[in-house]
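Structures incoming, each one as structure tokens.
Next come two complexes built around subunit A: one with subunit B, the other with subunit C.
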Partner chain A sequence: MTKIVDTNRIAEVVKRSISEALAVPADKVVPPARLISDLRAESIDVADVRFRIESGLSIRIDQREMTAAIGEGVSAEEFDTSFTVQFIIDYVTRQMVAEQ
Partner chain B sequence: MDEENKDIRTVLITGGTRGIGRAVAIRLAGHGFSKVLANYCQDDASAAETKANLERLGATCHLYRANLAFPAEIEGMFDRLNEVCSRIDAFVHCAALGAFKPLSEVKPNQWDLSMAINARAFLHCIQKCRPLMKDGSVVAISSLGSRMALPNYGAIGPSKAAMEAVVRQLAMELGPHGIRINAVAAGVIENQARSVFPHFDDLKTLIIKNTPAGRIGTPEDVADIVAFLVSRDARWIQGQVIVADGGFSLGISGNQ
Partner chain C sequence: MVTGIGIDIVNLSDVDRLWRRHGPRFEEDLLTPHERERLQEIPLLPQCDTDAAPQSRLCFLASRFAAKEATVKALGGPHRVAYNWSEVRVIGESRFTVEVRGQLKRLALASGCKRLTGALDNDGMLYVAVVMGETE
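Entry: the complex of A and B
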């Protein structure tokens, strides 16, 4: 069945999932915010964010594929810089488009 | 449905495609359980590999991708499972999740996730299995952290303690209906621990030094005990937690 990709809704669900999982105020969950160094996400929190996005958008996200999309062999610093709220919104959007 | 055939024994295993869950699936498939219903949360590749392994052993395998943190997904899994199965003979709860960090630093969502998957989902699955089980056996994979303080074990220990309380309570409630419920409290298992325990090599050395068996546990060590607990040979064991750790919890061993 073809899903309609509503980019506003994707952004809304991703931001809400991050805010609720990490217990950070919604106004701190801005597109350039880095999950690890700005929002203090730990590995289990990233899984929690994923669970909430999957539930909210009825999709499946492979966490290893998502983090690998940042780039193979990147340093921890480069990973942190790239792993932002906007990165997750873009990744989820691409996944939903690909599912169509 | 072929479950009407009494010769076909069916087991449901949560977290059944990796680690201890996979070892349990393979062990049971090779010893009387010809239908394996394996739940997993992600990693389709591991799931497909486990399914292929089981089929090589002559078993039928059905995979159920469901995130047990969400009750609705458990309900959905059982809706799908009911399409191929009208009887479950054994249920083994291997799915587990937790943050490896000091309990004093665990955040509310991390506590909730451990409790949801390690304890609540266990109860929920038993409730859903109940109508499908006539004479059946349930085994939960617990850990030493339910009774011992372990470094950086986060909320996993408390959630395993809750799981063991569920085992005892339901053994009392469901025993009269022919259902046995037990747990295996496993010591540290190498393949899983390596990726999650900080400073694993130091921990491994410490464990081996203090384990009379002189080594660290494997998924197969645990799977063999699960196979015993779901067998008729264990018919007089009810509501118990079997410690399986090579003797680590006995105290200081003095292995060199």
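Entry: the complex of A and C
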């Protein structure tokens, strides 16, 4: 049976997961916000975000695969610039579409 | 020759928060299968102390977390959230060696790192790990 991927719900779960895991107000969790330099996420916080999204959307997110989607061999600066709220929304959406 | 040094400090309360909320998922993500077996052998006690051997599962998780983060830093990865913790196996307690696989193994080979060793200490709340990579 084909499931419908609700992109609004994905965005809502991702934003809420980030807001709660990082203890930042929801209005700061905007699509271009960078998790590390804007929202001050540490690696342990990124894991918390990931697990919350997994729980909220009943999916499994592999940290290595997710971050590899940014690109192999990128610099720390390029990684930080790309690792945004929107990136995670897009990655989770692609994964859920692929799992259909 | 030293190829890199990594240091990490983690607060036990942060590990506790993540473990309480995500439990087995966190264990599976952080630990290798060998480490998960080791975890099950450790009593589930509320207290940590500064002995070499972990006194509770929470202490074990905190020590592994710090050691793995320090390892990624020692290998000079572009960013430490770009790896799976399960690519790092920590062998030992207060003095340990590290085995890496996957992307981290490729990073180690690229830098000429053939040996990773480290040390752990804690004051009951803060866990500190230092890892050094060497060519021999």
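Everything that follows uses one rule, which is that the second predicted complex is superposed on the first by the 98 of 100 C-alpha atoms of A that agree within 3 Å, B and C clash if a C-alpha of one lies under 4 Å from a C-alpha of the other, contacts with A are read in each partner's own complex, and residues count from 1 in each chain.
Just so we're on the same page, a residue touches a chain if its C-beta (ideal position, glycine included) is under 8 Å from a C-beta of that chain, and two chains touch if they have at least 3 such contacts.
Because the structure is predicted, anything quoted here is derived from the model rather than measured.
Once subunit A is used to superpose the two complexes, subunit B occupies space that clashes with subunit C.
More residues of subunit A are in touch with C than with the other of subunit B and subunit C. Once chain A of one complex is fitted onto chain A of the other, the partner contacts of A:A23 are limited to subunit B, with no touch recorded for subunit C. In the superposition on chain A, contact of A:E12 is made with neither subunit B nor subunit C. When the two structures are aligned on the shared chain, A:Q63 is found in touch with subunit B and with subunit C. Of the two partner chains placed by the overlay, neither subunit B nor subunit C lies in contact with A:E99.
Of the two partner chains, subunit C is the only one touched by A:F79; subunit B is not.
Residue overlap on subunit A between its contacts with subunit B in one complex and with subunit C in the other: 43-44, 47-48, 51, 54-55, 62-64.
Every residue of subunit A that touches subunit B in the complex is listed here, in rising order: 20-23, 42-45, 47-48, 51, 54-55, 60, 62-64.
Within the complex, the subunit A residues that touch subunit C are 36, 43-44, 46-48, 51, 54-55, 62-64, 67-68, 70, 73-76, 79-80, 83.
The touching residues of subunit B, counted against subunit A in their complex, run 42-44, 65, 67, 69-70, 72-73, 97-99, 101, 107-110, 113.
Listing the residues of subunit C that touch subunit A in their complex gives 10, 14-15, 17-18, 21-22, 25-26, 29, 65, 69, 78-85, 87, 102-103.
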